Amino acid sequence: MSKIGVFICHCGENISATVDVVRVAEAAGKLEGVEFSTDYKYMCSDPGQTLIKQMIKEKGLTGVIVAACSPRMHEPTFRKACSSAGLNPYMCEMSNLREHCSWVHDKSEATTQKAIDLVRTLVGKVKYNKPLYSIKVPVTKTALVIGGGIAGIQSSLDIANAGHQVVLVEKDPSIGGHMSQLSETFPTLDCSQCILTPRMVEVAQHPNIKLLTYAELEKLEGFIGNFKATIRKKAKSIDEDLCTGCGTCITKCPTKKIPSEFNTGLGKRTAIYVPFPQAVPNKPVIDKENCLYYKNGKCKICEKVCPTGAIRFDQEDELVELEVGAVVVATGFDVMEPSKFSEYGYGKYKDVITGLQFERLASASGPTLGEIRRPSDGKIPEKIVFVACAGSRDPSKGKPYCSKICCMYTAKHAMLYQHKVHHGESTIFYMDIRSAGKNYEEFVRRAIVEDDVKYIRGRVSKVYEENGKLIVKGVDTLLNAKPVEIQADMVVLATAAVANSGAEELAQKMHISYDAYNFFSEAHPKLKPVETNTAGIFLAGACQAPKDIPETVSQASGAAAKVAILFSQDELSREPVVAVVNRSAPPLYSTCVGCFMCATACPYQAIGEELITNRKGEVIKRVAKVNPGLCQGCGTCVAFCRSKSIDIDGYSNEQMYSEVMALLND
Amino acid sequence: MNKEDLSFKVRQSTEINVNECYQCGKCTAGCPVAEHMDLRPSIIMRMLQSGDAVAEEEILRSLSIWLCVTCETCYSRCPMELDIPKIMDYLRVRSYNEGKVHRDARDIVTFHKSFLNTVESNGRLHEMGLILDYKMHSGNLFQDVMLAPEMFSKGKLSVFPERIKDLKGLSRLFKGQTKNNKS
Amino acid sequence: MNEFEPKIVAFVCNWCTYAGADLTGTSRIKYAQNVKIIRFPCTGRIDFMLLLKSFGEGADGIIVSGCHPNDCHYTSGNFHARRRWIMFRGLLDMLGIDVRRIQYSWVSAAEGAKWADVVNTTVTAIRELGPYTDYAKVAGYLEKEANV
Amino acid sequence: MKIGFYPGCSLTGSSREYNESLLAVAKVAGIELCEISDWNCCGSTAAHNLNRELSVSLPARNLALAELEEMDELVVPCAACYNRLVMTQHELAEKPEIKALIEGKLKMTLRNDIRILNVLQFLEKHIVPRLDELVKSPLTYDVACYYGCLLVRPNQVMKDERFEDPMTMDLIMQKLGANAIDWPFKTECCGAGFSVSKTEIVGELSGKIVRSAVDRGAKAIVVACPMCHFNLDMRRPVIESYLQRKIDIPVIYITQAIALAMGLSAQQAGTQRHFVPVNLTVNR
Amino acid sequence: MKELIQKAASLLETNVVQVVIGYGKGSADRTRAIFSTTAADCEQLIFDSRCIQNLAVYLTKAEIKKMGKPAIVAPLPVLRSILQLAAENQITDDSLVVLGVSPESELIEFESLAAIETYLATKQIAIEEKYQTTIKAIKAMPVSERFAYWVKELEPCFKCYACRAACPLCYCTRCTVENNQPQWISVASHSLGNLEWHIMRAMHLAGRCTDCEACYNACPMGIPIYLLTKSMLQDVSENFGTYGPSLHRDNTLSSFNPDDKESFIR
């Protein structure tokens, strides 16, 4: 039999001015299961809390109802008070007499009656409350960082510097990501590689960071603090311990005409290669698809010339299992293939290129050593047209969203061009100039005012070639929509930033959600921008949405901080409001019949299966089981269960049923 | 939204929401006749968005709506997939019905009218009849005088119209349909 | 003269509508006393049987309210709830249980005024419909038998 | 399967040779095209510019007649007619109220399920698969395939992925032995319905097209639309006065090209009806 | 029929299965379920238009499970139930052999559950016109009258749970009605309890019911409870477009589409 104490708060006059609190306390006192009831001026004050504690001890209360303000305000306060008096905190509930009653009604009999109803309703619930204990989960203090671009590098370094172990996994042969491909960076025009490569080296040398390049996530199981990751290390065909990175093999490799990914197809590489000179690790891999030996069994020149005998043609992919406590996803973005926009002639005309290709042309380490030259004939273009929003803000053939970085990099491109080709002319067709950011607007103004970059507001309708020139048909919408035709030598498309092609698959492997464009979804757009819906998995950089370097680095540090907070404790303590599948004595074991509709509905993949076996180890029943480490307590599963085999602590079937009954039976 | 707005009426009739246009100008950039237009396609879209009654009048009295050749280039390239030719059709019908056809577009309208006249009376187009009817109504009596004999000699022009059998049935389609405007 | 005062139960989620109703309070927007809230973690938790039991215990009307689509604290509880409501409502309608007596709504934590409006319009609507005597008669049979 | 045929008005007049060559090609391939009896004009640009209902009701009558004659497919060689018929089909499917209204006026009902083919779709489906056996005297010159507007647009309806740089005609011409050049004016507008009323615009638009084809070495322009042909061929004087130069490149229908490659005579292909003489010889 | 008997017998002889669930002659002119464990037993198997019982109901029964791996004679309604049971993780490819029977009474063998799905794709569940008309007529009644209609229709129900026992999808080991913490539904048969029981049953079948009518055939009082499930089948297809059992699609009510449409939520 319950012994419930009901404490009615006046809240100064906030409640008592409209509700007859004395009558509410009287009425509550008469309810079945209520041992004690009273009213008091300020329940949340020290004497108020002392009163509760005192009555718990004196009357041996098994439940407490504080009828005061919203539980969203003071529930933790009163639960703590109960706890200190030896009553399980989850035996305490709050009835909302202020926000839901006294503040929204005038003083009247009906208002007092409603207050009584509200208290009675909660008495109905508390009768069925049971003690709950916060859930403890151990934490493995190693972080897995997926993606070795600037986001992954920054996160790894921050976590490692906080004293925790990091495994950094990169799918390409080198870390560095898109940032290593860039020439100069806006708005300061400092050289991208000059600021990035020291960080790359730091990663390689950090005692707390284990670097796995040419490797990808194969599988991720488990939950916050306790993930098990399987990593596929693709065969590099070299023994990394023996290889000194001397590069002899690369110079001797006979297959030299493979389009270089790093140079966006504008340069060539060999079959055994290091993607770029400053690569980390600076050791080659063999591209099996293009290697003569792998293709037709003959060659092996690299093996012959290698001074340390490091070539391993028989190497195979290796699966590595890791125990990690947290994951930072930093897989970055891709640029859109613009061939869908056939009106721009990309793919048809060699001198129509993407922004990323322009970066390589402008980069001192690029195929032209930093001189802007046309891919078709190597001539220096006298006139360049830049087309902004090539794929962005285009629901028809591209993406409806703004890619955010293009306005800035296009201004930078035009500026770099003007700095390198003094007599050149550059024109940018744009719709809006989005230059919000520290020193960004100033940067764009500089391009226009000091470097004479011509900005024309309007989109380009068509690009075609005539007599060796690219005819660009655009419009100047600020000049009464005057059609504009420019004879250009080169056209640069500011292609949209899109999600990586494997993003969807990766998200499914990790059970994190992603949006309609396959960018990974943050848990809350404002307040949880680096968390995902799966506890313990965090996001950094452009895999979440297009963003520039400063923003990427900030988010990466944010994700690292979240990991460090998680790793600051040996055990996680979680709210015990979680779902539970019932268990009972044999032969039933559980009323669950294993239809797993609950598992399909669970937003957190918190429901798995349990095989109930007999003594001989034979499976006699397959039932659902909730992982309390993953369950967030929404209770959606409970409403699905036809046999009422799954229930949720804190909002159980009995509690809610009784609450409804109590409300309606006055 | 004001139900008197032209943009509202456009939406009613064509199911196109002109507010989707963000004025990128790609329609104008690709329009083959933009150079000749008084109001270029993107400007018309902007004017429709303004919901301004003066703008409405200006559009209906513009030459542009008649210069649009319905080549569909704008629609095909529009990032928002707005069917501008459909809007042009709507504007033309209104301009014509309300007698607001631009002076320089009268020939075009006359030609269309002559075209429909021959279709109404024969069921099919009679090119000779069309040209004669057009010349009479436009006053361009000497236009193409050199073309007809050659066409005739190459068997491309017949003097007598082909008539369909069920002219009566066809006349039901024309009944009550405005072919003559207020002007 | 005693006007009919309907009994209305509100099933709301903790994160949006409960918080929205709190805001109605802090904004001191007045509404009718007839509606009493029962707090759930999420609309996904609200069992259709509880709605049914409410009518059986004499409720004249019901409000069910939670986060707007895409705003669910648990990302998808309200989407699941919406499907369930669509099916449940269709079934009740087929059975002649007056679906006008259940008001569904999305009320966010910022929509204090909307909550007041939802409550007031529901109370007015149920007042016009009168006491749910059809259901009460069926439920009353139970009492008679229990009294025997 | 019964293949219906809607010639449209132009094909009975100013573009007779298009009609003649199409029927000749079909005959060689053994395909019977059944002309819709008592068909009427589709209303063309005039109707949709001046009267929305007529722009639907006129084509709808033809669709209804075709259904009465139990045609499964309907070949519509004129690109403009094709566009009007397809748009009408679309409108009737989307707007039941308009369909009901028009059915009332026609005193006929519409299933609205006939497959409408333009000339390229017809050729691709029925002629191209058999070209290898049918081509007797391959063509040996460079051609510029000109598609114009209505064979590729609106792409929302036509659904050709390559609507900016279509290839269907180019591939057919290559199968006939000719070399289809790459050029940027394949789908630019010729001025279409302004032939008579705004001739100077036709001169400019068609002029740019013809100039590009000639400058890139084409010996003929291949078309599949009577309006395009009218403008590029018969309006040559206006074109020449716009370009300020003499241009003698002939303009032939794709069906004429096929007829010639099949070994039919110039007379059978109807090239004698052109304003710009067609004298095509080897250029490679 | 001979083919079916031969196939069933050979399955038992080769010990591929240990029991064949099929139809046999019953009392009077009726048929009943028979469970053959030997090749000789299989001679009793029959199949004709009277075989309307949904045998899939036995697949989840503990008593039958104990007999070993089953083969089951499966006309269309049984096939649908089998697929739904598979979708709900109650059976797998290895757990049974399906002896399909086409509407033309021909034996169809299925290699896998996926093959059943492919077969059923061409045999969509369709609510017969007459039921559609009835449902329409009921929905057209004024709400009070409709309620009275159903209270009256459900009045004869005495909670024998034959409907539950006959339904292949009511395989829970503990039904909600047997749950007394809390007592969701009163076990006594009175109007309110009857109403609540049938509402709950229909809701639990929402998006799952395959329209086999086994519940109706089993009801001793002939209550047209199938009208509720049929009406819900219509609702599923109208609102979510999905219809009928599937191995690859999540259950209607445990899945959602962010763009689901409704008109009643403020």
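We call the chains A, B, C, D and E, going by the order they appear; numbering starts again at 1 in every chain.
In this text, contacts are C-beta pairs under 8 Å (C-beta built on N, C-alpha and C of every residue); 3 or more make two chains touch, one makes a residue touch a chain.
Values in this document were obtained by computation on a predicted structure and should not be read as measured data.
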item: Where chain C and chain E overlap in contact partners, by chain label; value: A
item: Each chain counted as touching chain A and chain E at once; value: C
item: Touch-network distance, chain D to chain E, counted in steps; value: 2
item: Contact pairs, highest-scoring chain pair; value: B-D
item: Centroid comparison with chain D (C-alpha atoms), farthest chain; value: C
item: Chain at maximum distance from chain E, centres defined as averaged CA atoms; value: B
item: Inter-chain centre distance, chain B versus chain E - centres from mean C-alpha coordinates, in Å; value: 62
item: Inter-centroid spacing, chain C versus chain B (mean Cα positions, whole Å); value: 57
item: Geometric centre distance via CA averages, chain D-chain B, whole Å; value: 21
item: Chain centre separation (chain A, chain D; CA means) in Å; value: 54
item: Contacts with 2+ other chains: residues of chain A; value: 343, 462, 601, 640, 653, 657
item: For chain B, residues that touch 2 or more chains besides their own; value: 73, 81
item: Set of chain C residues in contact with two or more other chains; value: 48, 53, 76, 80, 84
item: Which pairs of chains touch, using the document's own definition; value: A-B, A-C, A-D, A-E, B-D, C-E
item: Touch list for chain B against partner chain D, complex; value: 32-33, 36, 66-67, 69-73, 75-76, 81, 83, 85, 89-90, 92-93, 96, 107-113, 115-116, 119, 123-127, 131, 134, 138, 143-144, 147, 150-151, 154-158, 162, 164-166, 169-170, 172-175, 177-179
item: Contacting residues of chain B [partner chain A, same complex]; value: 22-31, 34-35, 40-43, 73, 77-81
item: Of all residues in chain D, those that touch chain A in their complex; value: 162-165, 184, 212
item: Complex contact set, residues of chain C against chain E; value: 48-49, 52-53, 56, 69-70, 76, 79-80, 82-99, 103-106, 118, 134-135, 138-139, 141-142, 145
item: In the complex with chain A, residue positions of chain E that touch it; value: 88-90, 171-176, 179, 181-182, 184, 204, 250-251, 253-255
